[in-house]
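Working notes, beginning with the structure itself.
Chain naming follows the written order as A, B, C and D, and within any one chain the residues start at number 1.
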Amino acid sequence: MKIDNEMKLELLSKSQNESFARSVVAAFVSQLDTTIEELADVKTAVSEAVTNAIIHGYENKIGTVVIISRIIENTVEIEVIDSGKGIENIDMARQPLYTSKPELERSGMGFTVMESFMDEVEVTSSPGQGTNIKMRKTFRSL
Amino acid sequence: MKIDNEMKLELLSKSQNESFARSVVAAFVSQLDTTIEELADVKTAVSEAVTNAIIHGYENKIGTVVIISRIIENTVEIEVIDSGKGIENIDMARQPLYTSKPELERSGMGFTVMESFMDEVEVTSSPGQGTNIKMRKTFRSL
Amino acid sequence: MNVVFESINNKLVIRINGDIDHHTCETVRQKIDNEIAKKNSKNLIFDMENVGFMDSSGIGVIIGRYKQVTTKGGATVMINVKPQIKRVYEICGLQRIIKVFDSLEQAVNSLP
Amino acid sequence: MNVVFESINNKLVIRINGDIDHHTCETVRQKIDNEIAKKNSKNLIFDMENVGFMDSSGIGVIIGRYKQVTTKGGATVMINVKPQIKRVYEICGLQRIIKVFDSLEQAVNSLP
């Protein structure tokens, strides 16, 4: 599989960077021929993953969130990586409505949104080391 | 000097990434209170530096262009870094109208534009190793 | 990010201007809770006309307000929901608890 | 990126739509050169109304066309120049060789 384009963005885990992160990925993906809905889906999925890195991964300490995006034909691959606390039980974390922070009024729907808006979502995580969310979406609007 | 926010972007040296690069920096800088003109100035300076990395640094071979941006109070600092061929004579390169590629109809005004639109432009370069353009601009619109 | 309120027949219309994500949702939450407390509101109408983007952090805020007024016997509805927000709303199952109306008038009339 | 042409009294109006940077300037250059050759144009009017962004790569293209028609005794002018482009134009010293007019009519009348 030939990578047609690739970018890597490193951000501080500050909540003000959430909107920046999703705009950057949307701008990168807009080199593909997507519908407005598809682009909004990608933005939303990225927003979920970056927010999770900030509030669950780093728990509001300052760390670095890395976003890698690759274009392979009409597919986009996006990785959102933190070096934060990691996830003990990935299956439980992915359940709709599950949240470890109900006191923050989290809906527990972040993973469900990512899974609904992207074609594939792979979660890799080691407690104490961090989390990698790898998502893929193929655009069929061509 | 406390850094208030910082980001690092790595791109392939493809010309289609020029507009992406300047939009990303503009989106990052827009967290500061700037005028539309100041934001356009930053965009233009970034476009010049990234274009130079692509055509002069890598001479259309594929390499990585790194863009680092820092916000320190109401100042933005931007570094555009390539690991390309480097500049032999920096003083000559910075002269208005000087270009090593007149056959490509380059105007030789890239550095002049960067210097006019930003408050400071520092050039560090080693032949065979690459070039680092560090620019600063303070926004006074507040 | 700002939030503008209006009372129509004792129903609280909440007009949010801006994106609702984790960064902005704390402000949105506080402003709404202050207003609910001040007016002792039971019925809420979220006007999403000027919300360009919302993710599940926004859903958390809306469910939180929904729960708050439901315990007082009130209801929550929404109007002017754009496609991106509609999709997040559906995926998160809000359609089971919060109705969407086409106009403010219909929304007002739907509430007791 | 596209370029639209119109001939007014043998003067070539060049309307560029899109950003002019290094990525797009090769296409712009080729389209203009084809049209100049086809029409054997001597006088050029660049209409910048739909150019949202231009950097020094664009300046290179404009100077190149300017030189080309100047050797034939022609002239080059510009209209509808937005502030960002005006600043790049001034920094690059184009005001010494290419006049900017407020309207197409004035631009057409200024040329022989």
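Assume a contact is a pair of C-beta atoms (placed from the backbone, for glycine too) under 8 Å apart; a residue touches a chain by one contact, two chains touch by 3 or more.
Nothing here was measured: the structure is a model prediction, and the numbers come from that model.
Novice: So which chains are sitting against subunit A and subunit C at once?
Specialist: Chains touching both subunit A and subunit C: none.
Novice: Taking each chain's centre as the mean of its C-alpha atoms, which one ends up farthest from the centre of subunit B?
Specialist: Result for the farthest chain: C.
Novice: Starting from the mean Cα coordinates of subunit B and subunit C, work out the distance between those two points in Å.
Specialist: From the centre of subunit B to the centre of subunit C is 44 Å.
Novice: Nearest whole angstrom, what separates the Cα centre of subunit C from the Cα centre of subunit D?
Specialist: Taking the average C-alpha coordinate of subunit C and of subunit D, the gap between them is 52 Å.
Novice: Just how far, in Å, is the C-alpha centre of subunit B from the one of subunit A?
Specialist: Averaging C-alpha atoms per chain gives centres 28 Å apart.
Novice: Give me the residue numbers in subunit D that touch at least two other chains, ranges are fine.
Specialist: Subunit D, residues with two or more chain partners: not present.
Novice: Mind pulling the residue numbers of subunit A that touch at least two other chains?
Specialist: Residue numbers touching two or more other chains: 16.
Novice: Would you mind giving me the full set of chain pairs in touch?
Specialist: Those chain pairs which touch are A-B, A-C, B-D.
Novice: Which residues of subunit B touch subunit A in the complex?
Specialist: It is residues 5-12, 14, 16-17, 20, 23-24, 27-28, 31 of subunit B that touch subunit A.
Novice: Report the residues of subunit D in contact with subunit B in the complex, numbered from low to high.
Specialist: 19, 21-23, 29, 53, 55-57, 59-61, 63-64, 83-84, 87-88, 91-92
Novice: Would you mind writing out the residues of subunit A in touch with subunit C in their complex?
Specialist: The contact residues of subunit A facing subunit C are 15-16, 18-19, 22, 37, 40-41, 43-44, 47-48, 51, 54-55, 104-107, 109-110, 112-113, 116-117.
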